[in-house]
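Two complexes come next, and they have one chain in common, chain A, joined by chain B in the first and chain C in the second.
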Partner chain A sequence: MSLAFLLIAFLTVATAAVAMALRNLIRSALLLVASWAGIAAFYLWAGAEFVAFAQVLVYVGAISMVVLFAVLLTRPSRDEAEVTPASAGRLLPALITGGAVLGVLVGAIVGSPLRTTAKPPPPVTVREIGLQLMGPHAAALVVVGALLTVALLGAVVIAATSRPADPGEPR
Partner chain B sequence: MSAPAANPLPLLERLPVALRDACTNWLPESWRWLANSLLSIVAVFVVFATLFALLTLAERKILGRVQNRPGPNRAPLPFLGLRTYGLAQPLADGIKMLTKEDIVPRGADRVLHFLAPVALLAFSIMTFAVIPYGRTLLPVELDAAVLYFFAAGAATELAIFMAGWASRNKYSLLAAMRALAQLISYELPLLLSVVAVVLEAGSLSTSVIVEKQGAWLFGILPQWHVFTPWGFAGFLIFFVAALAESNRSPFDLPEAESELIAGHLTEYSGFKYALFFMAEYFGMCALSGMGVTLFLGGWQAPFPALGFIPSYCWFAAKLLALLFVFMWIRATFPRLRIDQLTRLAWKFLVPLALVNLFTAAFWVLSAGWAGPLAFARWVVAGALVIGPFLALGRRLSAGLGPRSYRYA
Partner chain C sequence: MNLSPLHLCLLFSSALFCVGLIGALSRSNAILVLLGVELMLNAGNINLIAFWRYGPAPAEGTGILFVLFAIAIAAAEAAVGLALVIAVHRHQRNIRLQEANRLRG
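For the complex of A and B:
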């Protein structure tokens, strides 16, 4: 446990916690992005360069935009970006759901055999990752790609409103 | 920045690294890397901040020249009173920006309003870290440098959104959404054109990509990527997308004064506005530097006989030439409409970039062809570039002939 790791972990958890505590949705979303960046910093600390940059590119660059657009487009006016606190009656289901998720995650972490060898792993180059993804794991990659494409097309179909083209419209 | 121990390079070539080593050699071994990194950061920042100051002047001078007017020529040098072609204009601008009142709207989100320009500038400076400025001048040697560059660049979108939302101004928010739509649309052709280079070089490291372009055809012609069919098309796609990514004319409509009263910058004044301005120029410089690295051979000399000129001079020359084209385009082309902008990205550039990826793949696969087959390789690759361009261009511009304006 180095100081850098503790600092990164603290920042990641703290931003996530503040994001949940805030009432302003936009600020929460931006703090969530900071939390994702913290996870990327953790990957970088662990030596996984490629995963770290991919995390920044995908989460900080793209997913954050989806979240922010979703918040902006689903709130009629910006004054409603503030969320009123939910009633105390919803506290119990929230705790149960959160506890269940936590239990599953902790169970998975504790249950997985972690080898604690002193020998450091060999450095992995981006080239090797690429060859692994294109060779043994090509099928998984293609399946994930197809899944995401289908999801994207579905979103477009749902969002698109067919409107007859206006002949007077400038092109 | 790593210099081999036995250095066969000429003096001028290793001068920057030698200077740095002379500054840090007295430090203990464990501290030297820190001092070296800090010196690199300071050097990059000083060079590009100076370049920014001179670019603002150069841009106004070039625009003035194109529009047949002198441009800024009044600001005298301090204490001397010499009006050296407005050379002191950046200084005057800087003092003006520093002393102007910093206005924050009453309803604004003060924290985010302050953070937006800071974040934008920070992320644009981060992109400078992986550009090889010379044979020995690479601030950070990363295995996934290209990925790092675009990851840092992607974070700037967030800053623009913060600026638009925190200003609590309808023009700001609308313009921020438009800017995001533009940035996201053009990121796709930008990245796709870069993937072709990565495919050819077989590496994401910028230094390897530059070194792969160092060979000579017939001993005199440079083997830069731009001199291949796919590289030429890729460079043009990259350049158009870079224009849009850096909010430059003719894609500067997020900041269009006439429609959006300067867009997400509406509620910014004083030094915060200057920071946005600086970030825009830094983004332009970084993307140009990346374009030079990926397509124009980086720090390589154009002819073997000119190899005696230090590599960083060649990089600087190519960078400045590319920046000049940015300004030239600004002076020449009118601004696009938002629908034309997105149509250009999604219907024209993205398909062409995808086809270009296939062309690059063909080029890599046919690398071993020799004799008449090498000629066939050029013909096929050229047809793969020109054919889709013509077909797509004709289809998209069908029915859009020259208009006649009767009451103009």
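For the complex of A and C:
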């Protein structure tokens, strides 16, 4: 196993863990951007270049901006982005649950003999991905397009409707 | 104990999944909960790519297409979730989950 993979994995998990533990929401969001970029680096390392670029475009580019806008729009006052840290009453059950899930997963993975191939798969070019998307997976592509349209329109409607002057009449 | 690269990739995604799970369960800020869910979705995508890369019978780009669709769904989920967070903040001036217990405005 190459050193690059271990480095990518460590940096990704470490930035994600620190982001989940920080009090400052903006720093959390920026650290999560670093974590998503680490995941994109993992995709590059694994040979899935197109997925890596999609990850960079969607997560590092778009979702991070939406998250930052949401953080800035919902902070309590102009110069304050701190939130209360996790209380012990929530942190302890969460740690127990997460530790139990991690233990089960690690036990299952280590204990199962996975057949692997030594040779890497043939490189998948963008042309092949396009042919696959337009050929056998055309129906799924249309469904995803419709879903994205409906979801984003719904998001605009939900976020843009201001508090109605009288109940039952959205502006 | 002899761990193959596939094992290591799966352990990596398990660690990321549990970080997201602990964050989503422990934090009381709605945005951080959403970000934890996003981390869990990313961990699932890492599994798909790992099995595509090291699986015994790698079909032509099936894992890649699966991950592309999953990223699209995750983007839609994040947009709707953050819009809901903004709507809740607009109505209640607060996005702590303990106090955001009404969906009717």
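Definition applied: the second predicted complex is superposed on the first by the 134 of 171 C-alpha atoms of A that agree within 3 Å, B and C clash if a C-alpha of one lies under 4 Å from a C-alpha of the other, contacts with A are read in each partner's own complex, and residues count from 1 in each chain.
The working rule: a residue touches a chain if its C-beta (ideal position, glycine included) is under 8 Å from a C-beta of that chain, and two chains touch if they have at least 3 such contacts.
Since we're looking at a predicted model, the values are computed, not measured.
Considering which of chain B and chain C touches more of chain A, the answer is C. In the superposition on chain A, A:Ala62 makes contact with both chain B and chain C. Touch criterion not met for A:Met134: it reaches neither chain B nor chain C. Contacts of A:Ala4 after superposition on the shared chain: neither chain B nor chain C is touched.
By the touch criterion defined above, A:Phe50 lies against chain B and chain C together after alignment on the C-alpha atoms of chain A. When the two structures are aligned on the shared chain, A:Val13 is found in touch with chain C, with no touch to chain B.
Look at A:Arg90: by the touch rule set out above, it reaches chain C but stays clear of chain B. By the touch criterion stated above, A:Ala146 is placed in contact with neither chain B nor chain C. On chain A, the surface touched by chain B in one complex and the surface touched by chain C in the other have residues 50, 54, 62, 69 in common. Listing the residues of chain A that touch chain B in their complex gives 26-27, 30, 33, 49-50, 53-54, 56-57, 60-62, 64-65, 68-69, 72, 78, 125-127, 170-171. Residues 1, 3-12, 14-23, 25-29, 31-32, 34-36, 38-39, 42, 45-46, 49-50, 52-56, 58, 60-61, 63-65, 67-69, 71-80, 82-87, 89-91, 94-96, 105 of chain C are the ones touching chain A in the complex.
Partner chain C is touched in their complex by these residues of chain A: 1, 5-6, 9, 12-13, 16-17, 19-20, 25, 28-29, 32, 35-36, 39, 42-43, 46-48, 50-51, 54-55, 58-59, 62-63, 66-67, 69-71, 73-74, 76, 83-84, 86-87, 90-91, 93-95, 97-99, 101-102, 105-106, 109-110, 114-117, 120-122, 124, 128-129, 132-133, 137, 140, 144, 147-148, 151-152, 154-156, 158-159, 161-164, 167. Across the complex, chain A is touched by residues 109, 112, 142-144, 147-148, 150-152, 154-155, 157-158, 161-162, 165, 168, 173, 177, 180, 184, 187, 202-204, 337, 399-400 of chain B.
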